[in-house]
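Okay, so chain A shows up in both of these, paired with chain B first and chain C after.
On to the complex of A and B.
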């Protein structure tokens, strides 16, 4: 009885937290002052946003920089809501048949060292990202394949010229890694300077950092959003171990962790601290996949791949697995909350998405028998990270056991895991994921193409490529939606070249005195901290 | 004695070269590299060309023997280069952590010595009494309990106890400040890992002190000392304990060297930015330059510690230096 009462109280507390998390920021007037301490669940690599790909860099460094445009921090859940950061007014619509974007820059913006921002800085930054000089790596060069040039007709105008119109340009531009650097710094110090030095136009100026330990920033008085930031400063403390991050929030050494905790951690915090903890939750723009390697004889047969997807009880997993892991939402190739994503009625038509799991498993067994693979043994390569890889991996082993597949899970640290995935390719099925920052549906869905650089299924499917080519060119929303369904059916059902398990689910429990922060569908977004204030 | 010291120093050089060869080639056996991890490790779509540019930039696409020569020259000229992961100079990165690890190692050693030598001596002197049993139980528990688990229990205990006492849960600080900058913050952070590791460390040393002292107490010269009427305190302190310290010094020295780079899990539990944590991170990140430098540093610490132990032997036991 007592246990049940405790659970009810916990559920009530979580519910309270969720409600306050959603509503409190709207109702209250921001207060200025205070230092925000937060923990970062990763070691902090170099400070160069153009080279790095991890949230371990974004969380501590993003507050020092601005972007040309950004996801609206007041509405980060909306995958189509962007606002100007360094540009002025509304985000521009394209001209020249969708091939030219002209941005007017804010006037009076200065870098932290006092250098005025001009269009030359934007051009130097974007050229470094899109057209890096020889010997300079750029992690997001591939995002801007459509861009032919960046022009600066005057000091406060920037023009992007595209080869073809594409809906993926604006989301790519809003990617939080596209820090705007001063041309002067690039010219004087070279392209490596930003790896360990900071000079941006963001809401906070760099105070100090201790490699592997923390990064500290203080309020920038000249910030271009008037009245912000509200905080006097912040300290980002690296704490790779989850137990430390959890205890840090419990012991108030840190107020928040922006990446997210598993459900049990949320429950523990709420149980220990009650209404001193607020919880926000959201679908997460990360999807966990099981990728069948079509270079392997067994996986070259689409009946085997279909059997594997049919054997996975996604709806059951969503219900039970979500209690212990950071996965929850059943979805197709599109981020589940996006207008182009499949509805439940559309999803259940795909193989492996039906609600009658027994019927699906019977069909899976029949397909395996037809393929002569009734005693199929699968070497499943997985990444040595608990959440969600190992938890979901273990669940998959059990799911496939139910259709008679004997799965051996091979767990390796990230380095050897990627070597297996990308170079050795000696796996039958591998855990894989697609985890992006800004929701850029047309770009994100390339993950399922055999030709994509981050697809590791080792196959060619000209039909799927042809559907994607039409998607890229399609301007009509209804037709686009139809094409996306066609693409999804081809990739996940007819060919089963990719097997989606579940989409991730983001859970952020944090100290209730942190206000103004709204959960985004990605742990990379809305991390500039200019909207956050403390109610202490 | 000086000949003995020179001989021991000369032996260090081949040890270091051997360790260098091992670490360099073993690191290259681990599949994957830092560029692949940096660019593809978050699932991002990235051109292979960009990964190759990164490899060229870091020099890991050069012939392996050229890389090895660079590394060895760097080691003997104390130029370890830059971390492949952060881009910071390795000397700077290691220096930061060395300070913290050294302080924890010293504090844990002090905790261990304060506990181990008196308890070990009491246990030996009062052999087979309840005191002896109590000390042995305490020390066996210290060996059996992993220090990281003890660390977790300490943090949880502090959170629960302070919440119960004051209504506000308290845990040790999670970011380091040097002792000369903020002594209260520093001690309140480092005392707990020092106790957690010092307890295990003391358990080993207590048992060693006990057995060594028991052996010495049965020697003829101890019987002679008692027979000539010396008080028991002098017999124990001057004649028995000093001679029983040889194996204890060895244990303390080896444990101290281990603490400098081996507190991998304990450092993570207390979020200490020490050498152990850096070690794990650099291996995980395939940061060859950093891992190589750290291994060489730890080998150097072990070699120097062993050298100091040998000098202590010579000081404690004249037979060694005269031979």
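On to the complex of A and C.
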């Protein structure tokens, strides 16, 4: 069976043009016209990019909006390649010792309702994201901790003033959730209006949304990138069940799903449709964690946490689990393909990352015995989503059984699961994740800080906070790398306050007539659709 | 003449008292209800599988063995393996434990509580009967699966909560059927006699009325076991029942079975067959029991 799967994967790679990461598509002349139907494995919580964090919003709503800068859609795998969207020319380099960024805006850009875009709109948008009034949610406010103010010297110039120079500012600005709103809309309608209304400067204008069914958009004739978008419109069809999404692509009711499928689904589609299916694959800026709740007596003992991380066979999981789940890459706190990420030589020094799993399990059993927890029972809270949560969860239960830990998996739908994780906190260990969009490693690694809003391990570690404070302001690349290793060792090995399982792996099989889309290391990126065209 | 008549009468009475042995009863039932006996055989087979599972297979139902993942049925793995490399035959055998545990506990509790409430409702009558029956009406207004899902959604998933979720809808069903039988029994003079002798309500209900509604109770009980197995499988399939890695037939149909139905159909087929056989077995046995115990059907 495995051999068959391997052959299918090989066939996909050789016969049907599998591209990995920044793999190059043949240069073809784009054709205009057509409607792109795609499936989305989630419903839309609201249309407001500033407060939402899910692909369920990004995939159908992002095409209506523009950003100040964006990841280059022709090279989305490169974590340093950004281009101007609403700004003009190249992405600016900082002045004032790295503390000032000045952006010149494109002229003649209009919102879909005809309102001209000015720097006041950028300021109003960024103020809402960075300095939201009390009670106004802003999911990525922490990304901009260095920003002190946003100024508008004239109608087409925006200046960001920073407290200290930081490499994380530009990636944070390119985050695809930073939709540019019209100041007029915010002033007239307030901060709630964008949750259910759309007025952007993006390549498509809003046509309609049928909750739980679909969102429809049509080409915006006044779009600021000349000649684009190529599509006449799009229809984002909600289909939470994976089997439905697969069948939609198989039956050509939809051309693509932008999040990702497990390897088996890819193989089935390739087997059924041959060269009518193209596959792109990439490392994914998402990592699945097991978070020990340090409010629980057993998990407050770091020997127990270390035992749990030692008991996980990451290298074996990477080999086998990757065949049935959307996880694959062994990594530390940082996106594995990033230059600052740990090499294998560095990783194997961490607890639980050694290649001798039997030795690791023996050490884990000893630690549990020393902690008086040889008969440890763990209540493992998991999310009721197959990929990758339940699959990896079942694997983890088996991994921990091998060090004598009796784990009961408690699976709940997303709502109650998050309630358990964030409010009730009545779990020993919980499945958890860190999924980010633009690869911004310095910002992304805040997940492991006890003070982070999205850390649910319920602990304080001043030493880890101090290391991060140094990382934030370190300008020297070599020193930065050392500090990141120190941070990683502290979080994953010495304290084991976070237990990384595996990083996700993105596989997108889609109809071959969809052109111009290049896989990114995040399912949030390059979803504006202005680069996509149909070769039908 | 008189002596002969008395002797003949005694002989007839002895004949009436003489009970057939269990073996004779089974042979008699097998002749009259061959399909029911086949159902009983399936039920017995299932019980044997559940009890002797550790001795019938060399594998553990929860251990992962990725080297053998998605292996097609062969002599080593009679029903093949799933995506975690677990032997499906082993999980089917152990899954019978989950099915029987949920089936028997939910059916027993649901039927017994329903019977007591039904008899009590008939015995007391009046306002008590009226209120109790309206409460039962409320519960019976919801389809079985919807009510069970609502209970699990409130209590959370897990074997214990699934049993509670399945038990609750059974209570009004049993109470309603038993009440209609008990209403007739209430009018029989011996109940009045018991009351006249000063027996308490509890004694009259449990000692004098309840035993006389055993026939519908048994029929309902066997039907409930089959229904409970199907409900447990449905809830587990929907992710609201028992959780991985516990072996359970409905759970085996979820996740992997959906993803691999095409390339590894054995992952979906065997648990489906097990559920169908078990429910079929209990239903056939229940039907045969009904035919045997119901005097109106017995002579047909």
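One rule holds for everything that comes next: the second predicted complex is superposed on the first by the 509 of 536 C-alpha atoms of A that agree within 3 Å, B and C clash if a C-alpha of one lies under 4 Å from a C-alpha of the other, contacts with A are read in each partner's own complex, and residues count from 1 in each chain.
Please note the rule applied: contacts are C-beta pairs under 8 Å (C-beta built on N, C-alpha and C of every residue); 3 or more make two chains touch, one makes a residue touch a chain.
In this text, all values refer to a predicted model and were calculated from it rather than measured experimentally.
By the touch criterion stated above, A:196 is placed in contact with chain B alone, chain C being left untouched. Contact comparison for chain A: of chain B and chain C, B touches the greater number of residues. In the superposition on chain A, A:386 makes contact with chain C only, while chain B stays out of contact range.
When the shared chain is aligned, chain B and chain C each come close enough to touch A:243.
When both complexes are overlaid on chain A, the residue A:485 reaches neither chain B nor chain C. Shared-chain residue A:424: touches chain B; no touch with chain C.
In the superposed model, A:183 lies in contact with neither chain B nor chain C.
Judged by the touch definition given at the top, the superposed model places A:219 against neither chain B nor chain C. Contacts of chain A with chain B, set against its contacts with chain C after fitting on chain A, overlap at residues 243, 413, 416. Those residues of chain A that touch chain B in the shared complex are 39, 43-46, 48, 51-54, 132, 134-143, 192, 195-196, 210-214, 235, 237-241, 243-244, 247-248, 250-254, 272, 286, 413-420, 422-424, 432-436, 443, 446-447, 452-454. Chain contact summary for the complex, chain A toward chain C: residues 1-2, 4, 242-243, 262, 264-265, 267-268, 316, 319-321, 323-324, 384, 386, 390-391, 393-395, 397-398, 401, 408-413, 416.
Taken together, the chain B residues at the contact with chain A in this complex read 30-33, 35-48, 50-51, 53-54, 56-57, 83, 85-88, 92-93, 96-97, 152, 155-156, 158-159, 163, 168-171, 173-176, 268-271, 273, 277-278, 281, 284-286. Considering their complex, residues 62-64, 66, 69-72, 83-84, 156-158, 239, 243-245, 255-256, 258-260, 262-264 of chain C touch chain A.
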